[in-house]
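Each of the next two complexes has chain A plus one more chain, namely chain B in the first and chain C in the second.
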Partner chain A sequence: MAYKKIAQDFLNKSNISIGDLVKVEKGEIQYNGILLDRSEDAEDNHIVLKIDNGYNIGLNISNAKIELIKKGSKPEIKYDNVEIVNDPEKDNILIISTGGTVSSIIDYKTGAVHPVFTASDLLKANSELLDLANIDVKALYNILSENMKPEYWVNTAKSIADEINNGVDGVVVAHGTDTMHYTSAALSFMLESPVPIVITGAQRSSDRPSTDAFLNLMNSVGAAKSNIAEVTVCMHGTLDDVYCDLHRGTKVRKMHTSRRDTFRSIDNEPIARFKNGELSSINTNNYTKRNSKELKLSDNLESKVAIIKTFPGITEELINYHVDKGYKGLLIEGTGLGHIPDYMLNAIKRANEENIAIVMTSQCIYGTLNMNVYSTGRKLLNAGVISGGDMTPETAYVKLCWALGQSENLNDVTNIITTNIAGELNEKSSLKYFLN
Partner chain B sequence: MAYKKIAQDFLNKSNISIGDLVKVEKGEIQYNGILLDRSEDAEDNHIVLKIDNGYNIGLNISNAKIELIKKGSKPEIKYDNVEIVNDPEKDNILIISTGGTVSSIIDYKTGAVHPVFTASDLLKANSELLDLANIDVKALYNILSENMKPEYWVNTAKSIADEINNGVDGVVVAHGTDTMHYTSAALSFMLESPVPIVITGAQRSSDRPSTDAFLNLMNSVGAAKSNIAEVTVCMHGTLDDVYCDLHRGTKVRKMHTSRRDTFRSIDNEPIARFKNGELSSINTNNYTKRNSKELKLSDNLESKVAIIKTFPGITEELINYHVDKGYKGLLIEGTGLGHIPDYMLNAIKRANEENIAIVMTSQCIYGTLNMNVYSTGRKLLNAGVISGGDMTPETAYVKLCWALGQSENLNDVTNIITTNIAGELNEKSSLKYFLN
Partner chain C sequence: MDWDDLGLKMGLEIHQQLNTETKLFCPCATELIDERFDNEIKRGLRPTQSELGQIDRAAFQESMRKLKFNYEAYNHRTCLVETDDEPPHDLNEEALDLAITIASLLNMHIIDEVHTMRKQVIDGSNTGGFQRTSLVATDGYLETPQGKVAIENLCLEEDACRRIATENDFTHFRLDRLGIPLVEITTDPSIHHPEQVKEVAYVLGQILRSTNVKRGLGTIRQDLNISIAKGSRVELKGVQNLDLIPEMVELEVQRQLNLLNIQEELKSRDARVLDDIHDLDEIFKNTSSKILSTAQSIKGIVLKGFKGLVGLEIQKGRRFGTELSSYAKKREVSGIFHTDELPAYGISQEETESMRSYLNADEDDTIVIVAHDEDIAISALEEVIRRANMAFDGVPEETRKALEDGTSEFMRPLPTANRMYLETDIPLFKIDKNKIINIRNNLPELPEEKKNRIIDEYSLSEDLAKQLVKKLHADEFEIIMKEIDVDSTLVASFLAYNLREIKREGIVIKHINPKDLIATFKLLSAEKISKDAITDIIKEIAINKEAIEQQFNEKENGFIKYVDKDIDNNIDPEQIAKSLDLLLLGENDVENIIIEIVNNNSSMIKEREMGAIGPLMGISMKKLKGKADGKLVNKILKEEIKKLLN
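So, the complex of A and B:
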């Protein structure tokens, strides 16, 4: 692809070519960025700029002025041959790629994001990782994480289990960020592992100036080599490229649409901090240490589970719909300490009578439920609703899928939901870890 | 009500009576608190303690040890006669009570929370408010805010409009905290007011040692006297009883189940800070000033609107269900920059073809959407989905109800959703106001 007549004329007049840093003025707005080749979607009178925040934008050139700031060398990914020689002194770390921005690079010819499929591709883009460990890469999926499904969690857990049983010293899962915290919760419940399982991703692809992929991958490999044998999420701790925080997989959430430090521990502190691929500080001794126990895989999940968020105006018909459709579990995102409108109570009772597990959480995100304070909460408990304690709605949803995979008996399910399995429930809730 | 045989014997042995500060030990757990009279729900072998965090708990006394810490004077609400004499030098502020914890007091006889219905009751409990302004109180509703409905928003808006048209200098709405931010958004869209409309509430009722009701009411009256003629939420700024933050009604959210400083501005800073019933600092000049324009009430709302939160495992049947049920609008809480699974696209297209307005927001809570970055977002835009920009899901839901009340034409609705009406859309999104 290349720019066509109108755009090409516009660029030629100012002697500008692809890869140059330019300033475009349109009306009162000014854009600075690197000129990319036109994307598939671009119309003939549009040019495509990679702007400072790392995103690509299309600009209509009518009434626009363009000015060269600096001639650019067209950025290129170096595809040198990386020779991979295993060093017996180093840990063996497996990177499992499921897709997402972290395992993608931008094609500067088209502006489109392409997946990096093979081990050698990912290592070519991040060859410094080989200084840290012997690294093998497996491409399991290549999907954007909004398309993740419970069945993919199961396959991912099985693949990880196989590799750990075969002797790897730690696993890094490269994953899209949109639903990373759902997957980290799912792997937390399905896997009891003697070695670390670290999930990471990126908010900007590898070849963007603002990419977070390399820092996240490097520190994830560090975490996978560490003594922290839990399922964790390792992502940027700040807006800067300084360190990553390591979050417990059941207590973490994507809290910002675009910031690199979007992942935050909820009602909890991060377990540790990693810098330059090494442990930099540890916040707690309360984690599972690397051990020689046999890996335990519990990969039965019930997928007939739905999330219902309450709101002023919700109707009880929505509960009835899910009951009629044969759902086995409902995760309710209530308000405050765990409430829904009182006119929903009959539908809740009916669902309970039909043996459907109903778990309450709060759309406040932070803080623990207390369904004993107000009459609404007490009535819901009496109707059989199970309190999700201080679990995030997302973790509680995943746990409900998993609990229903372990037993169809409502008492068993209640016991599982209210028992801490993988750090998801704080016995004593603290007000301390709010918005941190 | 009074304690019966088993519990009474237990208390008599240690010479403990209602109102005393006691220590109860059960196994390894120790509770300190004030002994309340038994609540309705308490069984004969239970006692009820008001513990330090302000909540009441029931304790089974079997195997428990009780010890007197301090004889208590039974706490009582002072029901002195408050003589209300209007001072022509002072502003006239109306408090409209809709229910919730802020307009309740605990009955120390039963431990139950009772609503304060009349003007004189509320003023008796908070008589210092009369130093700040001439205060009138109207009880409009007495409901827990999880039971709020769009039709109550409309009635509240009408009542406020009447009072402002009758000449009050400012309005304070006392409201439950669970859905306060939905109501503040609704009033923001329905009312263009020449004077302040301040919504407040409490996380602990007036007579608890840890109550936040008085500080919130006092500073709300201060805000209602101020120059900030917007719909705002005025609540504790910290865990301490020091000051309140004044949040724009469309940019605020309950972010913690129990903290007093639970309300936080999202992607925004609070407009101002109030201390001792007076303006203490102002963060921006970007607000509507008190003026003499005529109040504008636009109170048409469409209530056939639903919130759908996406999750791994969601089915397109859920969209079809809402279409078949005659919904006019769907607010989707997507992932990341504004995504849902790609297999939902056909159902979305069908909904759009049937003239249903579909607005996208993000379950990240913070940050703005950008549906142009990834293919999923572009496909959704092509299918007619409207980007909610940096609106919270709750504000966008309310705005969609309101937009559909203004017009049934999808182009009009799209224009309304994407145009800033009441400070809900930041034209230039900033990464700055994250978790503040």
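So, the complex of A and C:
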């Protein structure tokens, strides 16, 4: 219970707990209702009642009298199981849940939102998915995506590999949206897969009828059944509830705090568009086809990697700090074509001498680096900075973690960073690759 | 009817839009937009399965099919909060203050801490699938000429989208109205007389209008709850005309009584509703009925012992069959046929007979048929069966739409338990005691008090003061009177009557503000214009302002044209009076004009002597067209005639 000192004492005195039907008297009026829990960050000295017309109200308990009408139990949610009969004609798709808002159920009595963990819960809320495939659900984590860590990527990749070994035809990963593009990049580097691995989520939580979760899930299951055997992100393509775009996992980024179509392909076009759980159009044939690769898991990651964004007024301390702390890699978000102030050069040289891999990307987000145009760029290259090409800073960061996991040798790392592994590097910048 | 005997009980629910700067949870303006929208957003809503009870896939699909919506949005005048992308911003405190003001005028108790709730609504009128609402005050009362009425609750909530059109696949909504703050005021259900409900609605309306609420069509909506002792609670939604309330109550009571009679009759006849839905295609294969012959399939059911009852009128122009039909219509059919009214509609006596024998229905039974696509016909008849079965319980609890002739039409069952849960995106709002004290110390004057005060203060007639208060010009009147030294009756009657006449001529007067009126009346007190010129000047100001406004709204290649919208500074009533040639002439100018007239008519003057004043006065006033005071003209004319005669 989240009641604090004053309110807790007040309730204890009358032996009242959450879920009880109570009467509260304040001067000439009285309120009858069920005592609800109170959010932890709310002010003390108040209690919350759900009165019989359904409204919640907060009551200040100074000068209030409380009386128990009827003892209640703290409401629990129980669901009937949905019986799932597998259809041998259909593909077997696994949904791995890592948390986020992909599916949750509201308890109207208390207003609490409960995450969905079992296949039966998720399918009860989204039963149409069963028309598309045999669905199994595994709950791996229940974490907000800002709390993701490289070690969770590794476990997720391992679980996916296990399931692919067990014969699933495609995998959908339900994920919070904030760091979805980091995870999609990480899985892209760690896994070579004969089947699609599709990451999806929701911008608007599933307790609301307007949630985008269902459309995203349905099209993700469609994508997981498709021939596109890559790690992809499948999310709303527009503000409409009409179709989803399927983005390459290394070329996608969350670009808006709140819109449903927040995920956009960067320096790339979406691979395909999915509608009603089916492929509706495809932009390119340049993708890895189903069963063209053997399953391969390369799950060594170096987590001692940091991102440094340059800015007017940056000082060498930021680089030196990470060198002193024993970081193995630094991802720099430079300006424009890939620059940082020239007075930073000594710190960069020192980091290089201490065998720290330094990769440059651009805070422009769009476009490729060219560090030969201005002298600062050339000096940085000479100091050992590796160009990140047209990778987004997030993808380049993840790739650096992965590259350092594959080798400690700086030449090897340079090679890995500058070689296209999972569609993260484009030689060619198309006119179509901006703001789409 | 003896209302007490019947155990008539009524309650009112009033929704009033507030006239705040911005919407309840976003910074958009609270104005409706009648221009073409910039974007249309296609959305669906998804009831959670638990709300539909057991998983019935067919019913679920059916409900999903209908939940497709097009939202009309504007690039700059609506925002991502309204499209349900961006989370709501903080609760609009101006709206909360207004709600507390209204609650205080209704003697209510303010809740200590306001919690915003989500109330599920999945008809598309809210983009999120829920309406945000919070309980602000409880336990008040209202004094009416017929006694005290308890006010149960006052909630602050957001208005829904405007429904623009319904097509087969989509309902079109406009986002402009979504989020305009509303107060919802509910009385307790203890009003016993129809005239009193009307009175309560009227008094509540007056109180609301003494605060900063929206005015005009659609800004206040009344719902009426009615029940009689043996009947059930029925909510009549969207009562527009207060004068119609007593008739509406009477018609609803009549409907409930007739349904109770039907209930009794059905029981005495041992009537039954048969569940089987029969295929009647064969019987009507050669029918001459156009409706039947063009339908994909014809289905029928038997209501045992219902004969005559389906065709029975239960409310003027509405039969029991109309009730059955309105349930069927929720399944997209245009109506039903029943044997109480057959043969008709091209269905022959023979067809009716053969249908009876095919279905084993005898003379006491009623057959109901529906012609449509097979699945729709079946689901429509299932609804008819459901409603027919309810007849055995008397009056069903329903939400009904109030129609203009005082009758009503079934909309949906009464909502059962409120599906409400906390809106977690909005912090709890603790209401500071000082806020309440401050608001209570500055409550607006109620209409009656205001009327009496301005009668005293400005020595106005009862009628003028009443008109000013009723037409909401009293505040403007006082603002103007503070600034000028003009006869109060002149100003008051201009606001109460002349302004309305200008509007009747089709001139947009919404841009006319007290500043314009003060400047114009000042011309009068400076004797620069005559009082007859005031209407013409104000009219011209209104026309000019509207033209500027129009220009401002014009777009060129999608861009708004740049126009200096600082209208007030561009408009000078004196300039306008001059351009209309309405400025009074100086005494010398008047004298010169009159001398000319006198000289031109010298022969007539010599003939008639002082008797020429009459005709010459007419000629002079015509020539001076309101630019000179009549008394002055008369005086100069007399002098000049005398001069000429001497």
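Definition applied: the second predicted complex is superposed on the first by the 343 of 436 C-alpha atoms of A that agree within 3 Å, B and C clash if a C-alpha of one lies under 4 Å from a C-alpha of the other, contacts with A are read in each partner's own complex, and residues count from 1 in each chain.
Here, a residue touches a chain if its C-beta (ideal position, glycine included) is under 8 Å from a C-beta of that chain, and two chains touch if they have at least 3 such contacts.
In this text the structure is predicted, and so the values were computed from the model without any measurement.
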{"item": "Touching partner for A:H46 - first (chain B), second (chain C), both, neither", "value": "second"}
{"item": "Partner chain in contact with A:S210 - chain B first, chain C second, else both or neither", "value": "second"}
{"item": "Which of chain B and chain C A:N285 touches, first, second, both or neither", "value": "neither"}
{"item": "Which superposed partner A:T179 touches (first chain B, second chain C, both, neither)", "value": "first"}
{"item": "Touched partner set for A:L239, first chain B, second chain C, both or neither", "value": "both"}
{"item": "Touching partner for A:N166 - first (chain B), second (chain C), both, neither", "value": "neither"}
{"item": "First, second, both or neither for A:R259, with chain B first and chain C second", "value": "both"}
{"item": "Touch count on chain A, higher of chain B and chain C", "value": "B"}
{"item": "Doubly contacted chain A residues - partners chain C and chain B", "value": "55-57, 113, 239, 257-259"}
{"item": "In the complex with chain A, residue positions of chain B that touch it", "value": "41, 55-58, 113, 144-150, 152-153, 177-179, 182-183, 239, 254-259, 262, 264, 303, 305-314, 317-318, 321, 325, 333-343, 362-370, 372-376, 378, 394, 397, 401, 431, 434-436"}
{"item": "In the complex, chain C residues that touch chain A", "value": "41-50, 55, 57, 60, 80, 83-87, 109, 111-115, 117-120, 122, 127-130, 133-135, 138-139, 153, 155, 417-422, 424, 428, 430"}
{"item": "Contact footprint of chain C on chain A as seen in their complex", "value": "29, 31, 39, 42-43, 46, 48, 51, 53-60, 82, 105-108, 111, 113, 124-125, 127, 203-204, 207-211, 214-215, 239-242, 257-260"}
